[in-house]
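Chain naming follows the written order as A, B and C, and within any one chain the residues start at number 1.
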Amino acid sequence: MSLFTAEGLVKRFGGLLATDHVDLAVDAGEIHALIGPNGAGKSTLVNLISGLLPADAGRIVLDGVDLTVLAPHARTRAGLARCFQITSVFRNDSVRDNLLLAVQAQAGSSFRCLSRRDAEHALQERAEALAQRAGLAEVLERNAGTLPHGLQKRLDLALALAARPKLLLLDEPMAGMGPEDSQQMVGLIRSLRRETAILLIEHDMDAVFQLADRISVLVYGKVLTSGDAAHVKGHAEVQAVYLGTEVAT
Amino acid sequence: MLEPTSQGASSAPCAAAAVTHARFPGLARRLPWLVLALLAAFPLLAPAFGLEYYVGFVRRVLIVAIAATSLNFILGYGGMAALGHAGFIGVGAYTVVALVEAGFSSAWLAWGSAALVAGLAAAAIGAVSLRTRGVYFIMITLAFAQMLYYLAVSLRTWGGDDGYGLYTPLELGAWLDGAHAQVFYWVVLAIAAAVFALFSRVAHSRYGHALRGIRDNEMRMVALGYPVYGLKLAGFVAAGAVAGLAGGLLASHNAFVSPSIMHWTQSALLLVMVMLGGAGRRWGAPLGVALWLTLEEVLKLYTDYWHWPLGLLLLLVVFHAPQGVAALLERRGGREGAR
Amino acid sequence: MDAIFVFEQLLNGLGYGLMLFLIAAGLTLVFGIMDTMNLAHGSLYMAGAYVAARVHEASGAFALAVLVAVGVTVAIAAVAEFLVIRRLYRRDHLVQVLATFGIILIADDAVKAIWGVAPLLASTPAALAGPVALLEGLPYPSYRLLLIGAGLTVALGLHLLVNKTRIGMLVRAGASNRQMAEHMGVRVGGVFAFVFALGAALAALAGALMAPISAVQIGMGEAILIPALVVIVIGGIGSVRGAFVAALLVGMVDTAGRAFLPPALRAVLPPSVAADLGPALAGIAMYVLMAAVLTLKPAGLFPARG
């Protein structure tokens, strides 16, 4: 029994079938990578799973809970957190305030409106622990918008981690990174394996082959094949559609 | 003749507060109390300077500032650009009219009901409006306010287009004399101070932080697990209720209610005053209201053409102080002050 | 309530709707292409009405009055665009509200200084003062027929301009995809200025034509602005076709509401209730229409953006 399953997911944009009956499973402790050429529908799939887009058909279950009927924020509360391909942090706030906001969402009601939030020690401690975890302790008081790209990406990840997810959706965490930042991110993601299962969407093939236990290939909104690195590397059709015409013949 | 410069009784201390807030943090903590003390003493000092007339004026500034503070809360902190806030002021004012017409005379009952009914109206209007975004939100809040306006115009039992006079002042209770202008002034001041203090406190609470998060990055807030719609609706309802309270006070202040208090230009004016003062700034709303109404009052002394200088002021603000006067003062006072 | 009365009200609704379209067309293009919320659009309508009324009074030539009104208003709009509006294109909507509200205040005072506070009485051109018998038993004011004719002509012209000409293509491209409009480089500024002037001309034309059958007074711009905004929201911001359909809808709903609702209510409700409720519902009708449209189609009937 998988921790997470998506069955028969369908999404149409007008006449275009962006997601074509996709089945996907992620086991506990697994890093499952989703690869595919541009326009294969990876981001659409992430948005369907996280609920930012409503699915036309299909079912999503996480740890026995049917997420399909839940609003996006409720899916996060049920244990499904995500990062964004285009880094999505609170640019005008300090890293500390970013983390506090993320931590606050998970600890008690955000309708509390009379006591000072910044005086809550439990929240501060959680935020600082997260910063430590993501390698952001040095820049806690800096404005998020002024951080270098690599650190912003890490902050984005730390925000998702605050939810203590069962499944973490990472939408191109290495996008736009140099080799050094990428390697640090790979290390960080690998270290998360003990805490959460991960569905990783990534273009950086080195990173994918380093991290993934299982790889699924998405082409034209369909899962072409699924298997370990060796299986995918050796799959003729994958080579054809993914690596281009050079291998096609 | 009166000294026009001395009318800035309420605006000058607020401005000073914003300045010192950045420059002398110790003084900044005490300054709100100083402002409060000055405002409280004003009715007693005014006769000595021949400024009795302006006790009523400051009272009006305080009432409008209550409404503007509530708008600043959802606009500046929550990012909800509501162009129908005067509608809730109107609901509050007409609630007072309805109660008076029905024979009730307790001020507390009337104003409490004004807040309650306006809050209910805000819940209904917000529930629909908050499903839209951007310009469509601006327009749909405007549309609902227009509906309320036309409703008031056509309700002839409450005066319709001609308005409704409240000839006997509401009763404040055993030991407070509602008919006494100064007592009413102090009651208004107390309510305004309480509302301002409340919203300032909420701004730093969990809820206030969440609201600003939604303003800055709504999608991320959803992904973090926040019930964004519910949080926004709660703010919208609270702001509507406080605007309704201001409407109830305004009904007592004017001893008259007519549909014109919820004309769309009144909603626009409220937005304009908040932005002039500085949306999302603690002192933005009272500063904007005091500045705008004082200028209006001063200009009216000298000329029939008092609109265009205010229009020019808005253009100046847009191009030279887009964050509002409060932000300008904070910057003058040194480093960028805390939001 | 007979068929003749219904027909007459439909014609009134058509006329009002067409005038709304003239105002909304410019507003929706400015909004759609420049993403600019111009509350002062109603002030251009006011300028057109005032200039036309005074020139007509002085010269006795109505056509001349309309032409002068359009010319003067376009000149004013050009100045406003150059001084203020073009600096607002990339700003926040609220900042645009603030600035254009400032323009309204200035415009109202300017009108007061030039023409005074008392409303002007604009006269109908003498040749069109009488009624025309459209059908047997239906005399209809010939001036209102002129309104309908002029409105339809301009709508057709605008349709051809937007759909058949090069500048129209640029305008449409801008409304459906602003980034693409921005990629058009140097031409963008010119297209913006052209669209703003065109919108001003249409608003002035509407003001000039409406002057004889409405009150020419300070505040008339603010009064017409709201229905015009309702029209562009219902039609879909940036869509001229949407503005046309929505303007006719709003014109009809508003006119029909005022004409038919009170008698209909009187038939089923006690007179005192009906007397209160009738005008209220009539005034509210177009806003209910807008709320209903937005509930079903959040981006309006003809969303310009895909």
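Things worth noting here:
By definition in this document, a residue touches a chain if its C-beta (ideal position, glycine included) is under 8 Å from a C-beta of that chain, and two chains touch if they have at least 3 such contacts.
Owing to the predicted nature of the structure, the values given are computational and were not obtained by experimental measurement.
Interchain contacts link the chains end to end along an open line, per the touch definition above.
By number of C-beta pairs in contact, B-C leads over the other of B-C and A-B. Centroids built from CA atoms put chain C at 49 Å from chain A. Put simply, the C-alpha centre of chain B and that of chain C have 32 angstrom between them.
Between chain A and chain B the centroid-to-centroid distance comes to 43 Å (mean Cα coordinates, whole Å). Annotation for chain C: no residues touch two or more other chains. Per the touch definition, chain B reaches chain A in the complex via residues 201-202, 204-210, 213, 216-217, 219-228, 230-231, 234. By the touch criterion stated above, chain C contacts chain B in their complex at residues 31, 37, 39, 84, 87-88, 91, 93-95, 97-99, 101-106, 108-110, 112-113, 222, 226, 229-230, 233, 237, 275-280, 283-284, 287-288, 290-291, 294-295, 298-299. If you check the complex, the residues on chain B that touch chain C are 75, 81, 83, 128, 131-132, 134-136, 138-140, 142-144, 146-147, 149-151, 153-157, 264-265, 268-269, 271-272, 275-276, 279, 304-308, 310-315, 317-319, 322. Contact residues of chain A toward chain B in the complex are 50, 52, 71-74, 76-77, 81-82, 84, 88-93, 97, 100-102, 104-106, 108-118, 120, 159-160, 162-163.
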